[in-house]
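A, B, C, D and E are the chain letters, set down in written order, and residue numbers restart from 1 in every chain.
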Amino acid sequence: MTDLLFVLFSALALLCGFLTVANPFTRSPVASALFLVLTMVWLAGLFVLLHAFFIAAVQILVYAGAVMVLFLFVIMLLDLREEERRRWNRFGVAAGLISVLGLLGITAVTLLRATPDGTGDAQLEGATHALGLMLFRQYLLPFEIVSVLLLVAMLGVILLSKRELK
Amino acid sequence: MRPETLAWIILLLPLASAAAITLLTRRQRRLSAALSIGAVAVGFVASLLLTRSFGALAPRDGEFLLASVRWLEVGPLTVDLGLRLDALSNLMLMMVTGVGLMIHLYSRGYMADDASYSRFFACLSLFMFSMLGIVLASNFVMMFVFWELVGVSSYLLIGFWHERASAADAAKKAFLTNRLGDFGFLLGIILVWGALGTVDFAEIQRTLESDPTALGALATLGGVLVFMGTMGKSAQFPLHVWLPDAMEGPTPVSALIHAATMVAAGVYMLARAFFLFDLPAAWPDCLSFLAGISALDIIAWIGGITALLAALMAVQQSDIKRILAYSTLSQLGFMVMAIGCAKPDAGMFHLITHAFFKALLFLGAGSVIHALHHEQNIWKMGGLAARLPVTTWTFVVGTLALCGVPPFSGFYSKDGILAAAESRPLLFGLAILVAGLTTFYMARLYFVAFAGTPRDSHVAEAHESPGVMLWPLRWLAIASILGGFWGIEHTLQTVLAPAAGHGAAGHGAAGGFFATLLAPFGHAPLAACLGLFATGFGFALAYSLYASAPAQDPLPARLGSLARWMRDKFYFDELYDVLVRVTHDAAAAVADWVDRWLVAGLLVRGTLGGVDVCGRILRLVQTGNLQTYAFLAAAGLVLVLWVMLL
Amino acid sequence: MTGMHIGLEHYLFVSAALFCLGLLGVVLRRNLLVLYMGLELMLNASNLALVAFSRFLNHLNGQVMVFFIITVAAAEVAVGLALIVALYRKRQTAHVEDLASLKL
Amino acid sequence: MNASLLGPELVIVGLGLALLLLDLMVPPERRRWLGCVAAATVFALCTYFIAQSGRTGEVQTAFGGMYVLDGLAVYFKALFLLAGGVVLLLAVDWTDHAGHAVTEYFVLILFALAGMMLCASAHDFATLYVSLELVTVTFYVLTSYQRDHVASLEAGVKYLILGALSSAFLVYGIALCYGAAGTMSFTELASQSPALAGSKLFQLGMLLVLGGLAFKVALFPFQVWAPDVYEGSPAPTTAFLAVGSKAAGLVLMVRLFGSVLPDLTLKWEPLLMVISGVSILYGSLCAIPQRSLKRLMGYSSIANGGLLMMGLAAASKAGSAAILFYLAGYLFTVVCAFVVASVVVQRLGTDDLTALAGLHRRSPMLAASLTLSMVSLAGVPPLAGFFGKFVLIRALVEQGASFPGWYVLIAVALAGVVISFSYYFRVIKAIYWSGETAEAPPLVLSPLVQAALVLCLAGMLALGILPSFVWEAAVAAVAGLRL
Amino acid sequence: MSPLIWLFALPLLGALGLLFVPASRTVLIRRIALVITGVVAFLALDLLSDFDAAAPGAGGYRFVQQIPWVPSLGISLHVGVDGINLGLLVMGALVAFAATCVSREIQQRTKEYYVLLLLMVGGILGTFASLDIFFLYVFHELALVPTFLMIGIWGRGEKRGYAAFQITLYLTLGALVALVGLVALYLQSGLATFDLVKLTEHLAANPIPAARQAFIFPWLMFGLGVLVSLWPFHTWAPLGYGVAPTATAMLHAGVLKKFGLYALLKVAIPLLPEGAKLWMPWLAWLCLGNILYCGWVAMRQRDLNLLIGNSSVAHVGFVFLGLASLTVIGVTGAVVVMVAHGFLAALSFALSGWLYGQTRSLDMTRMGGLLQRLPFAGSVMVMAMMAGCGLPGFGNFVGEVLVLFGGWKSPVLICGGLLDFRWFVAAAAWGALIVAAVYMLRGIRTIWHGDLAEDWKGVVDPAGGWRKMPFVLLLGALLVTGVWPRLLTDRIEPGARRVVEAVEASRPAPNLASGSPTP
């Protein structure tokens, strides 16, 4: 059952991912954004399969919920349609494809050769409680740094979006 | 005064005078002249004084005094600033200072109108210093030092009128040709030092006398290299080309440097270092085809060829000074030949007498030129005997001495040379021929320039030169007449003959005046008679051609192209021009081209440009498109991964 | 289905493929926003790998890391989108080709 | 827990927050004083660190080993603080002329500074990541700060996309490393360093991490962004980017490769050599035809990144110490150049080299500073750059004794340095040789700029003439490395 | 404090001090520079008289002082002189003074000019006073930027930009390559010190393995060779000197350039004897490129400064030959050539500078007969050119002759013994006596002799003692060294002997013949 779900989720995630970046039918950013949302969702499904329930929730909430909405807002705001009118640079596409496929190949080969510890032996249960403890004990420092980071982001967004400059 | 002190005074006074004139008295003409003349006069007196302790006239065999200061001491090389005083150098000292004194005095008159009067005397003094340095040098390096200094003073004096292009060119040519000889000289010195570890004449002589093979396979090569110095300085074939051109200098300079003293330095060096040449022939393997030819052979033949060629060239010259210049060449060839025939005494003897009469002849020519306002073409002269009596009779004395008419000094010295060549029939014949040619061209000169009637208006207005110029003529004439009897020959034989491996008993041994007078006929009758015959024949020929005072030279018509070759100096200048052009100028052109286009161009500019172009091309990567950047980064990373992981 | 057991490596392959898809978006798409989505895809791929590792390594560190990544990514997206908007306001474009005044 | 170690970072962050609050109370015309206060504080803190550097022997950790305070960290924190202080001085002057929202600019610089300092102490991939992101995200804003200038925005977007890309690689790399090693803590990684060096998966991860860090240092293959971003960003940002961000990347590299994974370093020597060689050549070659001063500095930054990388490639303490020393000299030199560039751009409106003509008349101090900075970058004694290059070459030659291939890298470095002379000296030429520009009015420098310049010049000269102190400090700082 | 420190500290402090003098007070600035260089020259002469070659201090050095600088790297400011660097120091100081004297020609931006000049002088003198390899190098580099700026700002003609860059890049390249060699030497010695004295002692006892020496030596040889315009890396020299302002050309061609030779002599050869033996044949070949090839190139030049520049490159060849001979005589001769050529190059460039100041051109084909208008400058120039073609009485002759003598006995064999060093001596003698004479005399002929062109009726000779002094000073120095060479050789020889002995003491390599070539 889980295996079937894995195949389903991952296939859908990859398909949606593909449609995000290289939709053969449309190059509308809105379509891309929507497929990205779908990818996020299927990924969340995979997270569930991995028993990372908290992360799956966060994925839906933050990514699919917040980030993607932000994207859509901006797309609508900017009313972007231009890309469609432009031609592909064949050489660029080929080079890009080759390098990306190369990366995929190398990664795949490396993964094949490597046998990471614990393969086939999934044991960890999604323990939100434990996760919380870790976050606020062991990982307190990064957590606090991230809070500063968020402050910076806020500040930055304000600075970049304020209407008047003075 | 101690002889060493005297020697230092003789050497350094002219230098002091040159320095003083240059630095202090440039504007006071008379004072400059006085300083210069005073220096050489004191030198002359001191040389005479030296004879007391040395006795040029009563020499003691093989002895010398040395006054030296350590000039350089580096590792195994030590060089002294040494003055070697012996009969040979003493004799040379007297000759150089004596003739020099005459010419200095003469110059006061000759150069009186020149704007650079002081500079002239400064250069003369510098020359005297250098020449005396050669004479006194006790080792090869010192000799080389002064050798070069003589070269440069000669350069300065030939180019004295440097604003004249011809003079400047002649000076340059003289210096460069001399440098060719010096190149060999220096290498020879180094070679000898390399083998023997010393440059001192006495030590080398001692070593070589005890072991004639001490130089090993390089013996003859060393000798020939050192002889190259002579070839340059004494203008021996094939480096003879500079001397005739050197006549561009003021006439006193020609007399002093290019007739009496400097050009004789080469011969003096040969005599001084005779021990180096008189060695059994030995060649390194790579030059084995020369086996059996000794240094002396080469020297003799070079001298002979020079004598003949120069005499032939003299026959067809029309410039009075050039005729004398070729005559000088020819006589120098004689001297060298004599030394090559292992008779340094004969060569030196001729050197001394030649100094007297050739200085006399040049000064006489100078007097003529002075009187004719710098007209030098003999075909524009004629009938000078009437206008310039003193000049004429002294000139005649000089001519007779040069032609070897007894009892003038030239007869005795030339006879010695002919006698020396007797053992080599070919050279002997050549020498007799040259003797005849000498008389021919000198008689031609006399007949065309002095006898007959004036060919040009200048001659009619000519006046005899002032006394300050005539007195040196007279004194030199006396010296030319008496030079053969003074015992010079005897002195030289005593000093040099042992070195040449002959017995001390020479043919000029004291035996009364008449014995001396007729000595040549006694010990080498063939040479003396043939020499006289050749002289007579040459005179007769000249008389038949020129006594009738023709308006132009009848000889070219008779000799055809040979005469043209003679007039054009057998095209040596042209040949050398071509030689220099195909060697050095071509090398320079090639080097310059390579430097300009390959090294500076291709290598340097090419590298710079190549790097620049690389930069400009590589920069195109920075398209400004961030997607390109992203791609490049990704592609680079993939490349790295691929190399590192697969 | 075929009896194969889904293990770590399968998750990792999916993650690698997703990562490459994201990269493909970055390299190919010229709309800044879509390009940025590609970047998000790449981050998500990492998240997947981390979670998978976390599960199979049997500790939570990976999940904590994913938490941080999601947070940072959100912040980054906020700033990035603000920047793109600011650019659009100035230049009326969000295409990479139009951003080439700084070059060579 | 030993959270007190975190004091300096807290001070900086607190300072940033305080400034944000004070901004609300201080009238706009006085806000520049906030920057001065910030600079003063930073300098004070820096002094504290320099004073501290005497006792670098002890290694202190906090947060369960996620945060470490050792010699390396202290040295780099001093460096960051120094850079931050000077950049703040410059920022005050810059905002006087060009700025809007003055205080935020200072605050962002402070937060970036905090991020860098945290990088210096990061001892865990999570800390590493978030600290680095703090720096990066802050710089997104800092680079695009002049949003009324298209160039600034374009620089910001480029930095954003490429930065995010490099972050993505970094993150994926971290994920793989985590998977291969089973931990994200450097302490644990260090304990299994030999085994990890053999794991392909770990290597893949580390290569991706290296890529992410290479972006910070502007190294091949992540070097292309530097010229564009340097050119477009505000001068103080660029200065901080060139010094701080680069140093942040380097400290992490030194820590990872020098302290945590020495075995991997030894294995990867050829890779590191190639990276540094290519970076040197790329930066040097592309800079030759360059006419814009800031862009020139961008290429120079790539080349210098390559030079610094040589020290790491040398995989020796001498090499790492050389990096540390070189960075110190580089800090003064580059900041000095950007101070001049900042003033020039503000007053003359362009940073084209031709605009520098006659600068020696208009402001001898600017001209002399820029000249000395170029000369130091080129590596001429008695300035800091020379001694830096000297110790780098020394480290390389030391390795060369074992493997002649090093001499190839040395040759490449020499070629790069020689090429670099041509462009650095062209700046000098542009200043001094140009035709007379008599009418140009003199440029009056504000006291802050003067102070910044004097500080930089003093630093450059001091490090060149009396390198002993800093060199000994650098040697002590790397004493803990496991190379 | 050792007087040697004052020797370079005074100019450096002077440069610093001049920064605070207002730029408008040009006369004061010039006077300060004159006083400083004058005092330095006086100090140097005082050192020369105090120096007693017979009673040397530690390692043969006197006036030694050592101040630690970076102890952990073994770097210290260590000064001291033996005969070799004493000669160079005195030469440098005198040339520096002369260069300051002739700087009257500079009318614009005088303050910057004198600051740079003093900086350069300080660097130069510091180089030759240092006994620490690091400082040796650092002081040399100190003069790099002043050279660049002086050529660029006060240089002549359109090509000055290209020339300044070429000279800078070339010198940098050479210096860096040499630096790599020096560092390799330093590391390889195992002593962790740059102290020349200690290194010499240490390496004499524990030599570096021959293979390493053979590897390190070429870095030094070619790196330093580039600095001294070793063929084929010579083109920067004529080009740079052709456009440089007078004082820069004097200081650079005369003194600074000697750094490479000096370092080769004091560092490379004694510390890497095996490497030296192996590489000297190559050096001998290359130096023929200098002597003959550059001589030929000089023959074709139309610009006086290019002629002097190329001849200067050719002269350097003799130094290389002397060093390559690895004999006491040759090495001593090489140092004498270094000193004498310093004076000569400075004198030549000073004169050409004066000429340029008068005619605004150095195109020889446009000149002629100038001796009539410039008797003083012309005579001095003729003497300088004569010195340039190796006339006795000038220091160059002594040096060149010593080199030739030394070369004749050199144990170095070229091409495995097929060619012996003596051929190189012959070729060098040809270069010295013939080729040099050809271009020098052609130069004299073209510029000074012949008709005076109408254009040059207005040129004037240096008038007054102050204007003549630099020329007289340099010419006098040349004459003194030429007439009384023991002034130099007696002091140099012990140093040269130590160098040669260091080479001889090392294990004989197979390609080195034993003993002298004579039977």
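Heads up, the rule we're going with is that contacts are C-beta pairs under 8 Å (C-beta built on N, C-alpha and C of every residue); 3 or more make two chains touch, one makes a residue touch a chain.
None of the values given here were measured: they were computed from a predicted structure.
Between the contact lists of subunit B and subunit C, the overlap consists of A, D.
By the touching criterion, once subunit C is set aside and every other chain stays in place, the chains still form one piece. Least step count on the touch graph, subunit B to subunit E: 1. No other pair of chains shares as many C-beta contacts as A-C.
A summary of chain positions shows that the Cα centroid lying nearest the centre of all protein Cα atoms is that of chain E. Centre to centre, using the average C-alpha position, subunit A and subunit C are separated by 5 Å.
Note: centroid distance subunit A to subunit E, computed from Cα atoms, is 69 Å. Note on chain placement: the centre of subunit C and the centre of subunit D lie 27 Å apart, centres being C-alpha means. In whole angstrom, the spacing between the mean C-alpha positions of subunit B and subunit D is 77.
Residues of subunit A found to touch two or more other chains are 92, 96, 99-100, 103, 106-107, 110-111, 116-117, 138-139, 142, 146, 149, 152-153, 156, 160.
Shared contact sites, meaning residues of subunit B that touch two or more other chains, fall at 619, 622, 624, 626-628, 630-631, 634-635, 637, 641, 645. Taken residue by residue, subunit C touches two or more other chains at 8, 12, 19, 22-23, 26-27, 30, 35-36, 47, 52-53, 57, 59, 61, 64, 68, 72, 75-76, 79, 83-84, 86, 97, 99, 101-103, whereas all remaining positions touch fewer.
Applying the touch definition to all chain combinations yields A-B, A-C, A-D, B-C, B-D, B-E, C-D, D-E.
The touching residues of subunit B, counted against subunit D in their complex, run 611-612, 614-616, 618-619, 621-622, 624, 626, 628-630, 632-637, 639-641, 643-645.
Put simply, subunit B touches subunit A in their complex at residues 627-628, 631, 634-635, 637-638, 641-642, 645-646.
In the complex of the two chains, the subunit C residues touching subunit B come out as 23, 26-27, 30, 35, 96-97, 99-104. Only residues 166, 169, 232, 234-236, 239, 293-294, 296-297, 299-301, 327-329, 332-333, 369, 371-372, 386, 389, 391-393, 397-398, 401-402, 404-406, 408-409, 422, 425-426, 429-430, 433-435, 437-438, 441-442, 444-445, 448-452, 485-486, 489-490, 493, 496-497, 516-519 of subunit E touch subunit B when the two sit together in their complex.
The part of subunit A that touches subunit C in the complex is made up of residues 2-4, 6-7, 10, 13-14, 17-18, 20-22, 27, 29, 32-33, 36, 39-40, 43, 46-47, 50-52, 54-55, 58-59, 62-63, 66-67, 70-71, 74-75, 77-78, 80, 82-83, 86, 92-93, 96-97, 99-101, 103-104, 107-108, 111-112, 116-124, 126-127, 130-131, 134-135, 138-139, 142-143, 146, 149-150, 152-154, 156-157, 160-161.
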